[in-house]
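Given below, in the form of structure tokens, are the structures.
The same chain A turns up in both complexes below, where it pairs with chain B and then with chain C.
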Partner chain A sequence: MAYLQMHGITKLYPASGVLANDAVDLSVEENEIHAVIGENGAGKSTLMKLLYGLEQPDAGEIHFRGKHVAIRDPLAANRLGIGMVHQHFKLVPDFTVAENVVLGMEPRKQGLFIDRQSAVKDVTKVIEEHGFSIDPKQKAKDLTVGQMQQVEIVKMLYRNAELLILDEPTSVLTEQEIESLFATLGNLLSRGKTIILITHKLDEVTHMSHRVTVMRGGKVVAVRNTSDVDKRELSRLMVGKDILLQVNRGPTTYGDTVLEMKEISIRCRGQERPLLDRIDLQVRSGELVGIAGVGGNGLAEIEDVIGGLRGATQGSMFLNGVDVTSFSSEQLREAGLAYVPADRLHRGASLPSTVRENCIVTKHHDFLRAGVLQRRDVREFTRHLIDQFSIAASEGMPAGNLSGGNIQKMILARELSGQSNFILFSEPTWGLDIASSQFVYEKMLELRERGAGVLLISSNLDEILGLADTILVLYRGRVVGRLENTDTLSKEIIGEYMLGLRDDSHGPHETNQTEVRRG
Partner chain B sequence: MAKQRVAKLLSTATGLILTIAISFAIVILLILVLSDEPGRAIYFFFIGPFTKAYYLGNMLNQSIGLMFTGLGIAVAFKSSTFNLGGEGQAYSGALVATVILLALPNMPGIVGGPAALIGAVVIGAFVAGLSGFFKMRWGTDQLISSFLVSSAVILIVNYFVTGPLDDPTNSMLTTARIAEQYQLLLIFKPSKLDISIFFAVATAIGTYFFMQRSHWGYEMRMCGINREFSKYAGINVGKYLLVPMAISGGFHGLAGGITVMGTHYRCLKGVTAGLGWNGIAVALIAKNNPLAVIPAALFFAYLDAGAKAAMLHADVTFELAKIAQGVIFFLVTAQALYGLFDSKKKRKKVAR
Partner chain C sequence: MSNSSFPVPMLHSTIRIMAPFLLAALGGLFTELAGMLNIALEGLMLIGAFFSVVFAAATGSLFLGIVLGIAASVAAAYVFGFISLNLRANVFITGLATNLFAEGITVVLAFQIFGNKGVIRFENLARLPVLSIPSLQRIPVLGDILVGHNVLVYVSWIMVVVAAIIIYKTPFGLRIRGTGSNPGAVEAIGLSPKRYRMYAILISGFTCGLAGAILSLQMGAFVPGITAGRGWIALVAIYLGNKTPLGIFIACMVFGFAESFSNYAQGAIDVPADFILSFPYIITVIAMIGFSIVQHYRLKGSDT
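And now, the complex of A and B:
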């Protein structure tokens, strides 16, 4: 039997009705680097959460080193020798490296006091053994991102982890740091460790891993030896071929530009790579522009900038010809912005509030008479929206009682009620069933026919290809492809742009790419 | 919908009544153990406030200030802003009202009185608003800044009361007495209950409608429930770090001013002590519902009056009275808080 064997793992999230893992099998051999790849929402993170004890599977078994194990929580996973390095680091900024590493299993003096000296000594030993370049006495807040990641790995090694799970380890690293991470992984491998690498970056898979498991839609679609596949095949496996989407996209004529971004960038202090890198974007009336990309490549940032929830550090933005670059969300709404956010349960709706209160939030000013909300008008308006969008709800119900699809319908109803001529949709069908998705698609196309400009941000290629007139592909915060949606355009081509295999732009702003070598 | 609401209200009320019953039982047990004349002690503890018009009136009078401070806290908490500086805000309101009234000894009451109360509201709003402004500008924690600012303000007010404004003809640490025409009409003599109780009740009802029906109230509530949602929808969330704090401070200042004009007629040192903290307690019992603040304040005042009566008429010591009060209060707030966390948990479940 394999070193790690996960068999028939099934996980359903009842609240959203998403079947995140559907009878998944994963088998990892001892002392290999095993990549698990897939698009966002493919279920790879869920699978790892189940392995690390952060969540419990609804069905399925885990065998580790020949034994059937039940992993109730991360501590149990640690005891078994399974360690996980999360995408977002969990360090205490004011603690030193050594203190962070021993946190939770500190060496004691007289059973009561923390023995700092032996903590430093033990941690130094782990650091030296594995050839890391961090100082155990340095404070975590003074470390670079790459060093923080090293601390996280050391933390797991200190807990005697034999199997290390790395969740998207390169997403926050610079090229040099990635190279050094790969060297570290090679080193760990030579010391007999086993590594599971979760990623959606094909370079890493082909450079580092021995075997690869490809997931899509909560299922395992392929397991391959890395030496037997190339990136193109992997990308085809990841995005899949079956198009479920059935929409009728009629011809359209473009009018004036409704939304325009010029050289919009977001740079964060201390990070080399900008989150958005000189984005030029234009949405004309009657046009449906799709922005495709894998999560983490700038989709969420574009949403935030347009919605006024995050300022760009550079560039300018125009809505109907008005310079809205420095507008607050309030001013943007006044300027006619309508927007369906990706995070519909937190940003798009207030679940404890009633459907009524949710429906009027963007335009409650219209219901005032002498500063008092006119309840009859509010009720009528809400009922009208409920009828018009056939939302399965009553107006006084808390929004949290609605199903995911109906919450999205409620948000759509609200955002479309203002007759805006520009509407932003971000991941509008994520987690929705087919009927609800279809409803959303029809609404988007209706808007386009009405002559509104529609911007669709989505990591779902089917919907981008099925709906958009113009397609922009984001990779690492840059627009790497600007494509007309013609019959010759295929998912495979967009997929290659999304995964960085094609790039029509002139490279990143600061060109300091180093060739990534096998560690 | 109305049916659901009534059912919810009923279940909340039964829960609360049950908790109160249990806490009363514990207090009775305590008194049985610790008192030599438990029958008398229990009688005065629970029935005492109703035995004499004087006690009853004073109990009602005490609830007035609590209603105002309770409302102040309820408004702040409903908007997810946090005001721990009620003590200083109320005290500064008392001082400013007194100063205005002492400066206008010959005005008609109908002019000077409102002027004093407006002054009290403004100073309270300013003191609390500072914390709101800090939060808006620099993200300072409101719990801490409001508490610290208030602690400093208390010392400043103490300085004025015991220093430049001290009345040399009076042996107490206090300012001079305000003129006759400013002293609020007593309506239940010989007790100190004054006419402002109607004002307090009306204010609570008004606040309820303000929060539920007005434009500001709606935006404040939405910000309180989900700030990101509010920002997304185009509500000026920065403003609502400041506005609820200022309103909250205004209520506290008003409590201070009314305490001076209705009960003490002068600004004694520490005249409003306890009003700020107890306002938090009242708001917690009321679950931040402005209407529920009325019974919550009455309940709080009742407990206090009972403890006083039991001390006066039975062998209940100050300590026992305070412990008994503490037990009841602890259980009732815990029940109120439990409801709060409960609904949060439910919310989380749905969100997942």
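And now, the complex of A and C:
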């Protein structure tokens, strides 16, 4: 039997109804680097949470080193020799490196006190053995991101982890830090450790791993030896075959530009790579523009900039010809923005508030008479929206009592009631069932036919291909592909852009140079 | 009263007065470090004050009175912690409820037992033993100020050292501080932040019970609302002391001095008594403003 054998692992999240893991099998050999890849929402992270005892599976078994094990919590995982390095570090900022590492397993003297000397000594030993570049006496808050990750790895090694799970370890690192992480992984391997590498970056898979398990939609779709596959095949396995949406996308004629972004960039202090790198974007009336990309490549940032929740550090943005670059979200809404956010539970709706309050929140001024909300008008308006969008709810209910699909319908109803000529949808069908998704698609196409400009930000390629007229693909904050949605365009091609295998922009610097030459 | 001897008794009583502040603040320091604003210090003190003096009178033993007073305060702290942590009620609201409950229950019980809603005197109660070391007392000025207090005053000093050791030298203290600073980090290694918060609340119950016992036992009486806002001032002392045991010790000394000064200044200075009595509270406000100004500049400094 394999070193680690997960068999028939199933996990359903009842609150959202998402089947995150559906009879998943994972088999890892001793002393290998095993990559687990898949798009966002493929179920990789859930599988690892189950392995590390952060959550419990609904069905399935785990065998580790030949024994059937039940992993109730992270401590149990640690005792078995399983360690996890989280994507978001779990460090105490005011503690030193040594304190962070020993926390929970402190060496003692006289049974009562922390033995600081042996803590520092033990941690130094682990650090030196593995060639890390951190000082055990330094405060965690003074470390670079790469060093923080090293502390997390040291923490697990201090706990004698033999199997290390790294959850998207490169997502926050610079190029040099990635190099040194790879060196670390090689070192760990030579010391007999086994590593599970969760990622959606194909470079890392082909560089580092021996074998790769590909997940899609909560299931394992392939297990391969890395030497037997190339990136293109992996990308095809990750995105899957084209699924035709049951929608009728009739021809429309494009009118005036409603939204325009010119060279929008977001740079964070202290970070080399910009989050958004000179994005040019145009949405015309009657046009549905889709923005595709894997999470973490700038989709969320574009949503934030258009929604007015985050200012761009460079560039300008126009809505119906008005310069709205520095507008707040309230000003943007006054200027005609309608917006269905990805985070519908926090940003899109107020769950403790009633359906009524949620429906009028963007236009409550219209219901005022002498500064007092007119209850009857509000009710009438809300009932009208409930009918029109067939929301399964009553107007006085708290929005939190609605199902995910109905919350989304409520947000749609509110956003579309204003007759805006530009509507932004971000991940509008994430976690929705087929019927609700279908409803959302029809509404989007209705808007387009009505002559509004629609921008759809989505990591779901099927809906991008099924709905969009023009498709922009983001990779590392740049538009790497700008494609007309013709019959020849396929999910595979978009997938290759998304995963960085194709790039029409020829890198961040060259675009700049051509523009300089043109000017 | 001659000018030269006036400061010595005032400083002597500063030392006596600061003890309850110090104990309550040290307990509150644990909850603060565990990441909770514990506004229940006042109520827990009040419960300790009531039950310790009542039990001391009933059993005829000061020691048993103190132990049972602390037990009552710890029990109230447990209920406060259970509702806040296990039932996930807002800790500010439950803290407020604990204070209101303490205020009510002490008066109701006093009326039930003694038929009196006002001051209840226990004439036969022994006084708290006073520590007197004649050799030390002979040290000029300092001896007069520091020696000759009741034993609980010295217990409160020992508690400063004990608290510092627990917080900085033990795994328990490390985990308490970790819980307050990043509960996610504590959870990720398989420890329960909730459990460490409960421990911190129980510790604050213990020290507040002792703080309350000092108040009532040194008077030999229970007065409704005997704590008179000391729990709140203790809360301020935690921040003013920069969340360290030694800092809290100094902050409590400032507040002890303020109260002592206002006691001595009544009649001695020609200022309205109301103003003088409010002096400790004015000091609190000024100290808090000064503290936040210093904090502000310190943050600015570390930013650049």
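The working rule: the second predicted complex is superposed on the first by the 506 of 519 C-alpha atoms of A that agree within 3 Å, B and C clash if a C-alpha of one lies under 4 Å from a C-alpha of the other, contacts with A are read in each partner's own complex, and residues count from 1 in each chain.
Methods note: a residue touches a chain if its C-beta (ideal position, glycine included) is under 8 Å from a C-beta of that chain, and two chains touch if they have at least 3 such contacts.
Just so you know, these numbers come straight off a predicted model, no measurement behind them.
*Asks:* Taking chain A as the common reference, can chain B and chain C both be placed on it without clashing, or not? Answer clash or fit.
*Replies:* Clash - chain B and chain C, as placed by superposing on chain A, overlap.
*Asks:* Report for A:30: first if it touches chain B alone, second if chain C alone, otherwise both or neither.
*Replies:* A:30 sits against neither chain B nor chain C.
*Asks:* Answer with first, second, both or neither: which of chain B and chain C does A:93 touch in the superposed model?
*Replies:* After superposing on A, A:93 lies in contact with chain C but is clear of chain B.
*Asks:* Contacts for A:256 in the overlay, against chain B (first) and chain C (second): which applies, first, second, both or neither?
*Replies:* Neither partner.
*Asks:* Thinking of the overlay built on chain A, is A:365 touched by chain B (first), by chain C (second), by both, or by neither?
*Replies:* Only chain B is touched by A:365; chain C is not.
*Asks:* Does chain B (first) or chain C (second) touch A:108, or do both, or does neither?
*Replies:* Touch partner of A:108: chain C, not chain B.
*Asks:* Does chain B (first) or chain C (second) touch A:75, or do both, or does neither?
*Replies:* It touches chain C, and chain B stays clear.
*Asks:* Considering only touches as defined above, state whether A:346 meets chain B (first), chain C (second), both or neither.
*Replies:* A:346 contacts chain B only, not chain C.
*Asks:* Comparing chain B against chain C, which has contacts with more of the residues in chain A?
*Replies:* Ranking chain B and chain C by residues of chain A touched puts B first.
*Asks:* Which stretch of chain C would you flag for clashing with chain B, going by 73-81, 109-117 or 163-171?
*Replies:* 109-117
*Asks:* Where on chain A do the contacts from chain B and from chain C line up?
*Replies:* In chain A, nothing is touched by chain B and also by chain C.
*Asks:* Which residues of chain A touch chain B once you look at their complex with the stated criterion?
*Replies:* The contact residues of chain A facing chain B are 13, 15-16, 307-309, 328-330, 332-334, 339, 341, 345-353, 357, 361-362, 364-365, 368, 371-373, 375, 394, 396-397, 400-401.
*Asks:* What residues on chain B touch chain A, complex-wise?
*Replies:* Residues 1, 213-216, 218-219, 221-222, 225-226, 228-236, 343, 346-347, 349-352.
*Asks:* Which of the residues in chain A come into contact with chain C in the complex?
*Replies:* 53, 73-76, 78, 86, 90-95, 99-100, 103-106, 108, 112-114, 155
*Asks:* Looking at the complex, which residues from chain C come into contact with chain A?
*Replies:* Touching chain A from chain C are residues 165, 169-171, 174-175, 177-178, 181-182, 184-191.
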